[in-house]
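Letters A, B, C and D name the chains as they come in the text, with residue numbers starting at 1 for each one.
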Amino acid sequence: MKMLINVPETVVADALRGLAAAHPELTVDVENRVIVRRDAPVAGKVGLVSGGGSGHEPLHGGFVGPGMLSAACPGEVFTSPVPDQMVRAAAAVDSGAGVLFIVKNYTGDVLNFDMAAELAEDEGIQVAKVLVNDDVAVTDSLYTAGRRGTGATLFVEKIAGAAAEEGQPLERVESIARQVNENSRSFGVALSACTTYAKGSPTFDLPDGELELGIGIHGEPGRERRSMMTSGEIADFAVNAILDDVSPRNPVLLLVNGLGATPLLELYGFNAEVQRVLAARGVAVARTLVGNYVTSLDMAGASVTLCQIDEELLRLWDAPVKTAGLRWGI
Amino acid sequence: MKMLINVPETVVADALRGLAAAHPELTVDVENRVIVRRDAPVAGKVGLVSGGGSGHEPLHGGFVGPGMLSAACPGEVFTSPVPDQMVRAAAAVDSGAGVLFIVKNYTGDVLNFDMAAELAEDEGIQVAKVLVNDDVAVTDSLYTAGRRGTGATLFVEKIAGAAAEEGQPLERVESIARQVNENSRSFGVALSACTTYAKGSPTFDLPDGELELGIGIHGEPGRERRSMMTSGEIADFAVNAILDDVSPRNPVLLLVNGLGATPLLELYGFNAEVQRVLAARGVAVARTLVGNYVTSLDMAGASVTLCQIDEELLRLWDAPVKTAGLRWGI
Amino acid sequence: MLDADFFRRWMTVTAASVEREADRLTDLDSAIGDADHGSNLQRGFRAVAAVLEKEAPDTPGAVLTLAGRRLISTVGGASGPLYGTLLRRTGKALGEDAEVSEARFAEALRAGVDAVMALGGAAPGDKTMIDALLPAVDALGDGFAAARAAAEEGALATTPLQARKGRASYLGERSIGHQDPGATSAALLIAALGESAEADGE
Amino acid sequence: MLDADFFRRWMTVTAASVEREADRLTDLDSAIGDADHGSNLQRGFRAVAAVLEKEAPDTPGAVLTLAGRRLISTVGGASGPLYGTLLRRTGKALGEDAEVSEARFAEALRAGVDAVMALGGAAPGDKTMIDALLPAVDALGDGFAAARAAAEEGALATTPLQARKGRASYLGERSIGHQDPGATSAALLIAALGESAEADGE
């Protein structure tokens, strides 16, 4: 795989310069790696800060803006950011109403955000944290690092972002974020491995004619390898894996997410199959989002995320959002 | 390259079913392959119809909606749609104010849209056509099919769409569309070939360590092959190729477009380099759009499109648009 | 004399040989085009065979105009309108007679090829289907076998040419050294004439 | 006795061996993780070497707390906070003395390793850096060479284990058969002790 880069060392900084040039509505601190909405801190508004390794764009930097994140901290590719970034972001967005850290459940993200929370509280910032752990491919047990955070991150950031934008208090924004996470489940499938800049070759070897079920978004191999399946068979597998874990009674939000290199044409076709399986299992879909939102560099494949919602969550989902990666209503 | 599909024969139909499921604001005729905004025909409004081979999503179906296209006709992958689709689309969107066909300059698209225009006029629909031919990689001479239509299609569809939405008459919408095309130039670079479903293997052989300069968006090989270049060198080459052809006096719209498999992280880094070259050449950038908009299935690489604008065109660019692929202001 | 049956056979024999050669046509198109010529014609001639079976038009002219319209409605791409026009205009030139002579057919096919040149703007030597079609028309006076030989020779002769029309023209000099897919499929179409006539003799 | 110079050397020798082994660490991480462990530590220990050069802290404790803070601020990932905590807490345990005995250091390092276990929640046998660090601490009473041997053995012994912490745990049984990258880098860190002491002897 060839890359459109200068040198591996500057990939993240180069991207931040490019983001700054394209989006005057963001304040991008390239040196310290913090992306903040220009009008932060917004008086009386809870600040929402997320972050994680780079390579998942538009997550998280593409979700900074009115109605979603206040700031994002991009780490090195597939490497959690450092506490310094998060503390800086928290300070930039805190209006006194406190800050919510939205943390995907990976050891690195958890440890770094934990350290940052302590440091930010030392600076007098009230911090709450919510862990996103929606990936049913990983057994949540004492013998693992717990379920990973993947597609649900978008739901949590969007819905909690809408609540914060309305001026809801920190405890409420936090509990909404937690509820969205608890109501969400994901499952991902890779048709190819991605190539990280540090390594320069695919992170794992996936022969022609095979796919990885239960893939992570960091180039980690999946849970199980199978012979190549059709779009319909993959939809069956992914949706059933989710519905084996949870049985939504209410309508759901559906995210059919591309991992990077899968054409939108295929992703929409996959959506048709996912909707077929959901209909067959009696799950009503309130809203569908199809696209590359939580990616894994140039990995081919897709993930499915369901979030069971009520009227309030649907209202917050539909609320205006104005970011580089997600935009409606304004 | 493995694909997330059922069988090659149903790729387009599957995608249309998935599009219909995700976008209730569109009327998708899966059998006849026409995507129409739900509220068409809009009284007094000029209809905008485009189309082309599939595999370039979100172009064109993702650009149907208020402020942009009235309808799109997706062909087979990389194959122009047939006149029947275009006639059907024209009939569906014509309110009596006439229809503008936006046609990328490829022999197939031109011939099919020409036939469709004749047939639609036979049915009493007033039809105007605008050809998009912005790709400076192809010499426009008697010895070629003329310059290809690539990234400028997005500019033409957006800006003409805004003019139509305002209720401007057909001749005016057509002349604006023509002006946008004349003011636009593109250049694309591929790091890998794409794989079409019919063929099942990369459309051309691009060894490691080489890239194609002046690539088309249909898996056609480019103009010239070189040893791998850095993002900065590619930006120099692409922007200079454009500026050798035209010297914008006014500020420009800039599209830094991914061809499909290039991560957004790289695309933003490439944008930083493109902006550097433009600044060095004294070209002011009024608006920048970075993302995968005019793609070539799973091809890795990027294209740069510049469009010189005046205040009126900028106003129309900034006007509200509400489509699956491009959305702001509403 | 050639009747409607002959022209129907021409279409189904062409459909069968397109089926057989589809991968090769697509491969040729992938070298200098966009890797779809085989699947384009496959889709088109399947539809032609189906519609002729269903509607069974009873004059040579009606067979070819229907086939041409069907190609236009199903193929897309450059080859759809071009092959569609070829058959439609040839059919129109054949009028409404129930049988036509070989000479009359040769004349009609020339009208069809002229229409293709007018529509697509290609001249001989531009590395297109014209480079197989025109020699075939010129040789048709000497029979189907001669036309076939001329078309195949014409197709082979596109290899050293630089493309000036269609997608391959974007490649400039890099189009040299590859046989044109459209000229190759045109040779299949012409070759099918002889086969259809033989089937008649049986 | 070990002075600030010794600890500075420990860090720069570690930095050099991380530099040398970065690709191997990244390869190990790509088998059961996300292919960044080598570049993570490279970035971190380059920063550590730079800051120690610049600030030249003059007690063993200050050297290690500064190094630990720097790792936390530059590495990210799981290994940043963990190695950062290891050095910071070891440094804190060393207090403000200008020189410390090897026994005192062994005790402090145990405090550091305990802090890592508390932070990351890993126990011995979970296939993490702990599996190299803990045996090393246990053997440190017998000298740096013994600690090194224990750490290297501990790292090798992670191969047959199933990971229960960190990214590799997602693989379940498929993590078996691969050496843990963090245990491997921990063995480099411990090996650097002996080398730093030798350099002192020169």
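Keep in mind that, in the parts below, a residue touches a chain if its C-beta (ideal position, glycine included) is under 8 Å from a C-beta of that chain, and two chains touch if they have at least 3 such contacts.
What you are looking at is a predicted structure, and each value in this text was computed from that prediction instead of being measured.
Taking the mean Cα position of each chain as its centre, C sits at the greatest distance from subunit A.
Centroid to centroid, with C-alpha atoms defining each point, subunit A and subunit C lie 53 Å apart. One simple way to say how far apart two chains are is to compare their mean CA positions; for subunit C and subunit D this gives 73 Å. One simple way to say how far apart two chains are is to compare their mean CA positions; for subunit A and subunit B this gives 29 Å.
Annotation for subunit A: residues 77 touch two or more other chains.
Multi-chain contact residues, meaning those touching two or more other chains, do not occur anywhere in subunit D.
Taken chain by chain, the contacts run in an open path, each chain touching the next and the two ends left apart.
Inter-chain contacts occur between A-B, A-D, B-C.
Interface residues of subunit C, counted against subunit B in their complex, comprise 26-27, 30-36, 38-40, 43, 72-82, 119-120, 162, 164-167, 169-172, 174. Across the complex, subunit A is touched by residues 1-7, 10-12, 14-19, 21-22, 54-55, 57-58, 62, 77, 191-192, 208-209, 211, 228, 230-232, 234, 256, 260-273, 275, 285, 288-290, 292, 295, 297-298, 300-302, 322, 327-330 of subunit B.
Within the complex formed with subunit D, the subunit A residues making contact are 8, 53, 75-84, 106-108, 111-112, 114-115, 137-139, 142-145, 148, 196, 198-199, 203-204, 216, 218-221, 223.
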